[in-house]
């Protein structure tokens, strides 16, 4: 469907149209909603950590499906949320809280675009995995750089990083598959007796 | 059972109608900024001691119950303790033998380590306190408006401030809509025998992932309609816009800001 | 009430509920609601928006914290520790107002199969249930089983949602605003289907609505809620007879009742307990002296 | 005046067996006219709305709004003449507070601040929203939200207000109050209104009713005339207001019911007249 294209971002450093503003806002809204309701924090039975976050997943999905600008903006909203909420003292430094988050969606976009020609599921999984690592590496790296965390903390954080990356990969595949199916315009599932769920 | 909004603590503008609440949002943001800078400038215990009465005063004037703030800060304090323990135990610098209080392999406790950790702790607590107070006394909407006005001049540097702020406005607007949608989904699916609030980490994650699919799909569908709605309301980007809202900072607002700055200068120089 | 001493299917005793209890945004939804629903009854729980209907419905399947008051299913308190909530939800089928929110799978057949599979039925039994439910709702099994849920129309999606609940063979069927968003033709078809279904399966049917138009054709008893409390409870015609009282509650009255109220200006004793246009017509014809 | 000349529209152009959403539509709507558009789901109503707001453009034929052709080049001119309110207020309200949202449109037009304030003030008061002007939109009821959306559309000072099923998510009494407010406004401001609806009870409040089916206009007349065509309406799956249908039945029974019957009050009056003329009752 052709839609009357909206704003002309000309005259700004980077351009975005009305749809990108809206989509970035809505995806950022999903990130905020996950944070506000604490649904974005999955309790993990690992001492010292307690929670694995899935709040970065909107930025991953936004980057993969809508491009780097939307991914970047959704990540920015996630970052500002962690800065303002600051349950973890590390995020009181706005650079630590926000900068790495801008990369999540951009990494996810690059990975997804690069891999999708082979398999959408694979592309989504790797986008989730690497987007998630971009987040952890960026945050921990900057925190160490600012002296907020000692280098020795890395082994303690590693299990959480892996848990979050795996969760992100799984959840991103589910969401990307769902959204792409919805957008595909296909009306009927393929007849495939081997598929357990669809034999009815 | 499922009442997501009950969990919402952060946000969390607590209206007490105090002087702090009524202050111009821009002034509050500026004051917060000054205090954030202060937390990096001040590097001795005396300086923090001077700041303390100011923080207490802000707390008292805002009429926010201190118990509420403390209760909401438990996770923060636990994280802080964890990080500080690491700071002390793995204190990297070479310190004179005399200052070691305890040592075991690479782990140690030294007076230098404790001193550094103490300063970091005060810095972090100051930062946490001011951002928390800003959030508690300013609604997200006023905060966004304030930010837009403060950063407005950057528009001349070709930074699309207006558009960026609109992204936040839309994000904030959709939070309650998604909360409602998620509650409905979770309730309806629980009724069909897909329990929502039971099970371990992986099970919960998978369920939330599944519930997020319809949220994303409805989000994208809403994006299409909202884009049309904005176009039909003649939205063509920030640079065509004029603004209705003007903020007015009263003399007392400026006075308060001046007071904060003066206080911080004293704390820094002592 | 029941002569043979069997307990009512559902009973609410002094049920009260406050959303966001203990927060600054707390709001009381229902207060001290009590009623009993017996096997095979067709009950409409009606009231304006915000009257507490949906809260009452949620309480049936224990989808809320249960604090004040009690909810009994077949005589057992559902809040008892050790009460099998899973069983409760397998016996009370609820079709919510927005069908999209209760559809779990992306393919029609798989979604309808969700309930039976979760209840532990074999693949063969499940398939049979899916086929039966889809056919019953006018969605031929062969044509629809592989359709994507998002690609069928709104009215069909509502039927898929109903089929998903039907496939569980629940003795109690609760429908929250079943006609919302349907166009006139869709409403009429669904109405006929539900009436037949209730009769064939001897269901206990509970319909929740802000409009009495369709509820009055589906139900024989109304429980009327206003701002969280029960204000009327009785046979449909008895309740419709008090049309003036209903009109004050911001409830949508059935069209024949609206017509009858207007006719009262002409014929002061004109009855308002009318269900159909036909009944209104014959009442009028009688008063106009035309023999039918 | 809104003019549609032989307008057709298909969503997926170029694909085989495409069913056009609109076929050869000819329609003229005078300025200030109150028009209800009714039809089943899929009859083409929503497509028509998208064409009139320059969101989509005709595949064939031409649309002109006060002489301005609806095409990509003139999209912003068209949108200054036409405002639209959609079904779900959550998808069209943009800002968080009532006043800010009503101001959003005029702000986009780059109007001076005084004029924005003036327009916001008058639209807010026309919709009776003065008391909730500074409230957060998320705390409002769906009926109030829809009023805010209409105020936002009015603040654009449109020549035509297009309502795309704005009442379908509202309880009937709330919807009826909303539509009578819009009707009064239109009469006072001489603003044309096109109201897309399922509700026959809303449609009878309009000057003219356009009935659509399968992308075509099948009836176009004042409500009294349209709702006299009971059989045709039922054939395309539409309802008829009870009073109109009852009048139809009573006439068939030989009861002399004179005049246009749109609501139960009309029917009562007609029956009263019939009773007085023949003392048999």
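Per-chain residue numbering starts at 1, and chain names A, B, C and D are given in the order in which the chains are listed.
Everything that follows uses one rule, which is that contacts are C-beta pairs under 8 Å (C-beta built on N, C-alpha and C of every residue); 3 or more make two chains touch, one makes a residue touch a chain.
Predicted, not measured: the structure shown is a model, and the values here were computed from it.
**Q** Look at the interfaces A-B and B-C and say which one is made up of more C-beta pairs in contact.
**A** Most C-beta pairs in contact, of the two: A-B.
**Q** Which one of the chains is farthest from chain D, going by Cα centres?
**A** Greatest centre separation from chain D goes to chain B.
**Q** Please report how many Å separate the Cα centroid of chain A from that of chain B, as a whole number.
**A** Averaging C-alpha atoms per chain gives centres 20 Å apart.
**Q** Taking each chain's centre as the mean of its CA atoms, how far is chain B from chain D in angstrom?
**A** Roughly 45 Å separates the two chain centres.
**Q** Round to the nearest whole Å and give the separation of the Cα centres of chain C and chain D.
**A** 31
**Q** Which chain A residues touch at least two other chains?
**A** Only 3-4, 178, 182 qualify.
**Q** Any chance you could list the residues of chain D touching two or more other chains?
**A** Within chain D, the residues that touch at least two other chains are 54-55, 75.
**Q** Which residues of chain C are in contact with two or more other chains?
**A** 150
**Q** Using the touch rule from the top, collect the residues of chain A that touch chain B in their complex.
**A** By the definition above, chain A touches chain B via 3-4, 6-9, 11-14, 16, 18-19, 21-33, 35-39, 42-45, 48, 52, 54, 57, 61, 73, 77, 80, 83-90, 92, 147-153, 163, 167, 170-171, 174-175, 178-179, 182-183.
**Q** Considering the complex alone, what residue numbers of chain D touch chain B?
**A** That would be residues 50, 53-55, 75-76, 79-80, 82-84, 86, 88, 90-97, 99-100, 103-113, 116-117, 120, 136-138, 152-153, 156 of chain D.
**Q** Applying the document's contact rule, which stretches of chain B touch chain D when the two form their complex?
**A** Residues 139-141, 144, 166, 169-170, 172-173, 176-177, 222, 225-226, 228-236, 240-246 of chain B touch chain D in their complex.
**Q** Would you tell me which residues of chain A are touching chain C in their complex?
**A** Residue list for chain A touching chain C: 178, 181-182, 185-191, 197-200.
**Q** Okay, in this complex, where on chain C does chain D touch?
**A** For chain C paired with chain D, touching residues are 48-50, 153-155, 181, 183-186, 210-211, 250, 252, 255-256, 258-259, 261-263, 265-266, 277, 280-281, 284-285, 287-290.
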